Structure formats: structure tokens, C-alpha cells
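The structure appears below as C-alpha cells.
A, B and C are the chain letters, set down in written order, and residue numbers restart from 1 in every chain.
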């Protein structure tokens, strides 16, 4: 793929927000050697959650997918910050951890977390191919429907 | 220990399956420097889940243990794939993350995830001694009873 | 900051316990290159859990915070063990993973996990600034209210 990351962001209609601030006593990411560990991101957009509630209850898989995509946009914003604004420095997404607030009869966590995984693939191509764990949790901070954390290798 | 990994797999009666394909938009493992990060593995055997349902409800700790062991066999299959088929290249299992689909009154997650931890110990000996987090989640993809992810150092 | 780690532990009124033994078939931490991966720590003190039950039910956010602080003290004990007793060797806390046993209407997981995050900050200063994921799980081992895992860089 020869497109620039910026071109792919544009194609996806994504304007990266300012990297969201953590909601508590920690930082948004750490860097050790060339690995960036990004804190769990909630589906914040313009300072508000785009989706709250449990998947399987008030939230269906499509709405969960959309929320996971917003989480991934925030992951990108954090990684961009770690890269001094230059996402071309990303060498690989190593892993995403996806937590889906779920009723006990909702089993489509993979489909929901794909909202994050597919965005990472869209933007980074082969460098976006990551390992993943996706699980259904009882509830998330601020009643968010999805939380996604990630680790990335940067140059 | 002087036994080969293959001898230990044989002793445990384990024939490694083909590495299961991810159920969504990601890859089964990533490799950075010499660390393999394996995606969350479900208790798939021959293409079907060996155990579904919540521990504490339809699934007891022994059945959960058996499911976690199947998850670990799939972890081994992925690591073997990362090693070009040669598990002798494994230097250390660094960490397992065990997610147990649980009712809120089931507290034996450690016993369940031991199904994975003990298999890793059986096969790798001291190299299999890993850090671990085991938690009880509301529900897992496809209604699986257990999901286990892992990180391994390879030569 | 010029205070020694020991002075900060003293100021916080913390006497590190012996590193708690794992409750199952794994080890308390692994070390690869200079990264220590610590297993999920429960709020054990003097061999007993200081807090059991679900946050949102019998446990409020303040009690959860106190339990998370105990988890973090146990993390410190494990890291101290990994450092041969010398916490001055800690270069950075890279990440904490906080699991809060929660009813589905409890949304203050960040406040609870701050009990761990703030202790790490108190003791390590800038070196304690970590990435974090905090989620609400259905239930935890032994009915513990909180579990916290962590990764640390040591010299």
C-alpha cells in the first residue's frame, strides 16, 4: 500500500480529535523502547460518550460496532500524540483488548470489537494486523458500552 | 528436564490441531522482537466449542478446567505456528490472561484457569512458569465458557 | 523528587508484606529483559481478603478504592521481590489492569482503580505514571472486590 496514513484517514472521513485526557489518576499512554501502551479508550467524541448501556439490552451489535470504532479513533489520537503527530511512524499494531459491556445472553463481542479492528486495518493495512482479546464484561466506566486498549510499535 | 516438547505433548495425549483461525478481523498472533502475543483462544476442537455456558450455572469448575485446557492447546498450536512448528524454540511463557464466563456467585476462576496453566507447565516445565490474571466475566464470544490469551518468548 | 522510595513508603504508612504467593498454578511475576509482568493481585492482607463482594451491592466506591490500594501494595511487594528488595531499581510503571467486581449499574470503576493508581504515583512519582485499563467484571476469584495486575520496567 502506498497511500499515506493521512490519505487513509481522509478516505475514512476521520478527523483525529485531540487525544482524550484520562478520566482518572493515570496517563493516556506509556512508551518503553519502541512500544506504546495505550490506556483503555472509551467512545468519547467531543467530550461525551457516543454510546452507553449494555450490548444485548439497549445496545445492539451494530451500535456496539460503531462505539468500538470511536474507541479506535481515540486510540489513534493517542498513538498520534505518542508519535509527535506522525502516524507514519507506526510500524505495527501488536494487540487490541476489547471489553464489551454485555448482558449474559449477548455473544457477538467479536462483531462489536471489529469496529475497532477494522478501522485499525483500514488505516494501517498490513501493519494494522493485530492480536486481540474480546470479552463481555458486566459494566464499564461511566456506563460506556465498549472500551478498547492497544499496544503499538513505533519507529 | 531433558524430555523433548514433543515427548511431553505425546505423554499428555495431545495432538496439536491446525492453529485455529480468528473468528473476526484480526490475526491469531503477532511477533515483535522475540515476543509472541497470542489472541484470546476459545475452547475450539475440530471446529466446534467443547464447552459453552456460564460457570456456576450449567458449567462446573471441572468442566471449566477442561475447557481452559482446550484453550491452552489452541494457544500451543498458535505458538507452534509462530515458531515454524518447533515448540523447542519457546524460551518462556510470560503471561496468561484467563477470562471465565461466570455467574456472580462462582468464585473458582483460579481452578478453571489452572486447566490452561497446568498444561503449559506440563509441556514447558520451568519455561512454562507464567504470570497470570484470571477474572470472571459476564459472557464470552459465541457463549464460550473460557477464553485464554498468552504471551511467549521464543528463540 | 529526591525522596527515596523507602521514605515515601514510610510517609504512606506502608510496610511491604512478604510477596503474596499465587493462589493457583502459576508464578507471581515473570521478568523478560527489564520488564516485570506481575500477576493479578487480590486485596490480601495478612493472608485474608480485606474486601469481598460486588461494588454497587455490598461495596461502595470508597471501600473499592481501599481494596485497590491493598492490591497495589501487593503489586509493590512482588516488584520489590523481582528487584531483590530494592524498589529504587524501578524505572517506570508501564501499565495497570484493574478489574472491579461490579453490579451492572455501578459505573465508578475509575474511582475504585484510582486506589491502586494513586498509590503507585505516591511511591514512584513521575516514574509511576502508567497506562491503564479499568473494567467492571461479573465476579473475581474468591469473591474479591478488586484485582489489579501490572507491568514495570526495572534497571
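Simple rule for what comes next: a contact is a pair of C-beta atoms (placed from the backbone, for glycine too) under 8 Å apart; a residue touches a chain by one contact, two chains touch by 3 or more.
Being a predicted model, the structure only gives us computed values, none of them experimental.
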Copy pair chain A, chain C: interface residue numbering same or different (half cut)
different
Expressed as a multiple of 5 degrees between 0 and 180, the CA superposition of chain B onto chain C rotates by 120
So, in whole Å, the Cα centroid of chain A is separated from that of chain C by 25
Shared-interface residues of chain A (touching two or more other chains) are 137-138
In the complex, the residues of chain A that touch chain C are 22-30, 32, 37-40, 54, 97, 99, 101, 137-143, 147, 149
In the complex of these two chains, what residues of chain C are touching chain A?
35, 92-96, 102-111, 113-114, 117-118, 121, 129-138, 151, 153
